[in-house]
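In the two complexes that follow, chain A is the common piece, with chain B as its partner first and chain C second.
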Partner chain A sequence: MNLQINIREKLMLNIIVCTKQVPKTGNVKVYKGTGTLNRKETENIINPDDLHALELALHLKEKYESHVTVLTMGPDNAEDILYEAYALGVDKCVLLSDEQFRGADTYATSLTLSRAIEKLGGYDIILTGMTAIDGNTSHVGYQISEFLNIPLITQINDIEIIEKHAIINRLYGHEYQKVEVDLPILLAADKETNHVRFSKFSDINNCFDKKIIKMNMEDLGGTEDDYGIKGSPSIVVKTESFTHKRQQEKIDGNLDEKVEQFIDILKKHNILKY
Partner chain B sequence: MKQVTDIEEYQNIMVFVEIRDHEQVLEGSFELLSKARELADKSDQKVDVVVLGKDVEQYLSDIELSNPDRIFYCSHEALKHYDSQIFPDMITQLIKEHKPFAFLATFTEAGKDLTPRLAQRFATGCTSHCTDLDIEHLPDYGRDLLLMKRPAFSGNVIATIVSPHTMPQMATVQPGVFRKQSRDRINNKSEKPEMIELAFDYDLSKIRIKNLSSPTRWEKKHVLLEEASLIVTGGRGVKDKKTFKLLHELAGLLNGEVGATRVPVFKEWCSEERMIGQTGKSIKPKLYISFGVSGQIQHTSSIVDSEIIVSVNIDEKALISEMSDYVINEDAASFIKQLITRLKKEIR
Partner chain C sequence: MDLEFSKKQLMVQKNIRNFARKVLGEWDHILDRESRPLPNDVVKLMGELNIWGIQAPVSMGGAGLDTVSYSIMIEEISRVCASTGLGVTVHNSVCLAPVLKFGTEYQIEKYGPCLTKGEKIGGFTITEPQAGSDASSIRTYAVKDGDNFIINGQKAFVTNGGTGEIFLVGAMVDDGSGKKQMAVFIMDKDMPGFETGKIEDLMGMRGNMVSELSFHDVKVPGKNLLGGTLKGFSMAMKTLDIGRIGIASQALGIGVAAYEAAAKYASERKQFNKPIGKFQAVSFKLADMKIELEAARLLIYKACFLKDSGRAFSVESAMCKAYAPAVAMRACKEALQIFGGYGYVKELPVERYFRDAKITEIYEGTSEVMKIIIGNSILSEFTDKY
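Let's turn to the complex of A and B:
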């Protein structure tokens, strides 16, 4: 009896998924003149690649006995994406929120997430999205892997966990590889990794009853020099609105006339010969 | 951020040169070397190359043509592919020894793994996807700094980013952003660069990701958007996969290539190799024609070098209109269909 319990405990996977709330690009509202983002009027969503990381976590949970924790750093309204994660079926959600975390570049973000991961206790698999659609840096996964000193694997086709190691098929450079790696590991997911499930209605109904655990700077330790803008080596010194205005010659008329004029343009620029 | 104590000792621009598919030097590395040469001459510094690979000696004469001052190279079977332990470890050592002012890499699978890892180890800043680089004296910080420009995190702005208190200053640049300069145009010096061979003494038992079986080759779909002289690009406004497919017919008629913004790639109307923009490719064709493209900065910052820009969009106020030479206010799908019909008559 005892032995069985031990085996079960051994196989229990602790999975932590790092997510980010991002403005829904393609539908951003920008202030005229400055060109900066109007955050009030822009809808926020879970970063798309992070949804694939969540999906991978839930897939592993179905296959192996697992406990899935979702972590995000952001303002209080970043809770929204954590409720969404509860609706998808994760076990625990943690919001890292503190005035001191504001303005973090990728280095300070990775440091904050890594410290939180260590505070959460043991972990076997950390999951992140490959890249976030707002910053487009792809830095955070690699830097968490450095902070925690664990291997990072990207472009995963499939994964199998055997005791305390993983067998993974992945694409690497221009090769498909089958590799073996000891846990803990970090995996970065993107849209090639899987198809994201829909929430069940029952889970959507229940998600707001679940508790979101909040952690602040005091919980993570360190000083305010480590976090946010003070802990960020990168500084934005200037922003200029992006203007590359050209002559904007308007082509008018009905469809036929417009196409005809376009053909003339092609000829004028030697794309088509007369 | 606490200032690095020996900040004044950091000198020279180190460039990571990548060997593509262990066959040739990546074109983007030459482009980056050209930019590094320009910045080094401006600020009286040297250009250092670091290149690791298998039988890497065969590439050195090609690299010499970009006029670096020193080439650090290492040749070993274990360096045949980029490795996320060996490469960062070896280059960390090199940075510790030579203290470069800046470290530049291409934004490729290798470069995007390597650079943030190094930045973490030196607790320094790293800016990815730069669209321009410069070196200037910033009075606020009392020293020369690497200015890294890239589209801002949100909105239609370009941000200039510096990491003034830490070294080295790190940046990645997508292939296609800078232009490769031929040797005589870079400068007229003809000295050979200094060649420094690095010893390979990596303890391979430390490798954590182990290959279980011999890998199989993945035939990458090569879409050479960077070199195309005419590109037709579809965006969200193309509306469906069926219409998007017509772009291939149109590109065929005009002897061009098909590009896309993020939406068609996400909706799987086309493959990722066709994506133009911050997470895709940078282009500089003679003619760029956009259909149903709204003009978010993540896309448009990668098309500014096009000679002629034509935009077809039903939304008159689409951001892309402003940066177009010709603006056609029309539904993308109808225009594509009509244009194909008309071109077939023309070319017949």
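Let's turn to the complex of A and C:
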């Protein structure tokens, strides 16, 4: 076990960012027949919303003295996104990897992440992406905030930290809302939150020399029944790939007949009722 | 033998590709149309990302990456905005690199950090109105005057001339024996008598302020003599060996841009009820482009590999500088042909790729000069040495 417990320093913000490695959905390869994802042929990336969460963490680090830890659960190759996080300038990266974590749904994932967050010591701000592009559930942020019993705030436009509370400017649609909240909090970021920075080449050069801390089930505590597929209340029955194709029908006859047939078709599809 | 990028190189590629698309992609067309340089805030951002000093040591503010990473960076930048690729490659490989490689302690300390961070943009100049391939015929001359040199002359077609501040300048010096030889001086535009002449109205690379530079009794401190030696010619030639890898990478980037645009267009544009890419006349062109671009790429990486492993690379550097620009020109010509009339309008970038690619066959040694270098090395290899 290589678990480093943080001793909280005064006025130092402890920020933890939860990230996920996802297949680049714009260009996935799917096995014909089963409809499952060909993971070997598909490029993996940091979930785009999580990059905005990372950027928010780094932005806070520039404004206030902070320590940014990045957390991800996944197989060993999920290390790739942690090295990318190091290249963006975070302080510490933790990989939650264990055979028992496999097949977790959003509930089990949130529980695993929450336990890891608690094990990492103190925290002031937890950041997640709003939605992951693979599952599209947006559950995890909400569930972590429930497990940790802290407030969750979304649609962040601006944030200011004053002592141990945050003043957050939320933007939704064309309205602003100002929220004042005590730390610790959980913030879910999305593409409206900020623009993600580019890595410096010098940080790319040294990111692979940095250490990734690994945690497994033993480190988190609990039993096999809490994690992975066993800890997941939801069950995937079937995966199907859908395509939406424009249907074409040709109508013959004179103009009146065509109109008549056309009305019939519209009725058949519940577009016209009477 | 390993032909795979390292994880680090892959990350370099992903990051610079993202930067080029998002940031330079906002400017490439404007720079070309208006013949103006990149805005200062973009130049500054590029400094923060270590683009102006990708191979310079980390201690100096650089990124300390290898030549393959450098080539990847130039390719990706040039794929989007070739004139920015030009500014970056010249600054890195024929200004900063020779200062770090040949410079005295004073020179490295004074000019290394500001060039590495891109606080000052640099260039390198030998060419004069009447001296191109024949570098030894330059007329700019330096006369020793106590601890200083007094330099007079005029330089032509200087990349980064309009925006740069630090230039390595080739000038003839009398070494005292009556024999003249070329020395290289580090010159700062702050020096009185150093003036920027007219900015050229170019066919391509219009985002680079290529200009004339003139020197009227410019007093250059003796400690600005590069490497503290009058033997500048061999330093200049070694510098160009490095520079040529950059120009080849730039040509590759332009060629790849043309190829990708053509491949996309050929799969979308329909004539005679099918995508034009389904016609062999078009798909053969695409196939040729792909083969040649890949071959050029491997040749470039071979030169990078030799340089990174500390071996001689000047012939390989000349080979990729001779080949990649030719490949880029063919790719641009055929891409334009595939686009038909749409390739000829300025609204789309293909005609710009064509104009940008041409100069890569000319500067930092023409393709013909490259073949002289390669030919000479072949002859010396096969000449009976006994």
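Here is the rule we go by: the second predicted complex is superposed on the first by the 225 of 274 C-alpha atoms of A that agree within 3 Å, B and C clash if a C-alpha of one lies under 4 Å from a C-alpha of the other, contacts with A are read in each partner's own complex, and residues count from 1 in each chain.
The working rule: a residue touches a chain if its C-beta (ideal position, glycine included) is under 8 Å from a C-beta of that chain, and two chains touch if they have at least 3 such contacts.
Since we're looking at a predicted model, the values are computed, not measured.
K.L.:
In the overlay, answer first, second, both or neither for which of chain B and chain C A:106 touches.
P.N.:
first
K.L.:
So which one touches more of the residues on chain A, chain B or chain C?
P.N.:
B
K.L.:
For A:183, select first, second, both or neither according to whether it touches chain B, chain C, the two together, or no partner.
P.N.:
Touch partners of A:183: none, neither chain B nor chain C.
K.L.:
Quick check on the superposed pair: does A:213 touch chain B, chain C, both, or neither? Answer first, second, both or neither.
P.N.:
Touch partners of A:213: none, neither chain B nor chain C.
K.L.:
By the touch definition at the top of the document, which applies to A:200: first (chain B), second (chain C), both, or neither?
P.N.:
It touches chain C, and chain B stays clear.
K.L.:
For A:87, using the defined touch cut-off, is the partner it touches chain B, chain C, both, or neither? Pick first, second, both or neither.
P.N.:
second
K.L.:
For chain A, what residues appear in both contact lists, the one with chain B and the one with chain C?
P.N.:
Common to the two interfaces on chain A: nothing.
K.L.:
In the complex, go through chain B and note every residue touching chain A.
P.N.:
For this pair, the touching residues of chain B are 1-2, 21, 81-82, 84-85, 109-110, 112-113, 116-117, 119-121, 123-129, 138, 140, 147, 151-166, 208-213, 215-220, 230, 236, 254, 262-263, 266, 278-279, 286-287, 294, 296-298, 300-301, 304, 308-310, 321-330, 334-335, 338-339, 342-343, 346-347.
K.L.:
Please give the residue numbers of chain A that touch chain C in the complex, ascending.
P.N.:
Residues in contact with chain C: 80, 83-84, 87, 198-202, 204-208.
K.L.:
Within their complex, state which residues of chain C touch chain A.
P.N.:
7-8, 11-12, 15, 18-19, 48-51, 54, 58, 62-65, 69, 73
K.L.:
If you look only at chain A, which of its residues touch chain B in the complex?
P.N.:
23, 25-26, 28, 30-31, 34-37, 42, 48, 105-107, 110, 131, 133-139, 142-143, 145-147, 151-153, 167, 171-182, 191, 225, 230-252, 255-256, 258-260, 262-263, 265-266, 269, 271-272
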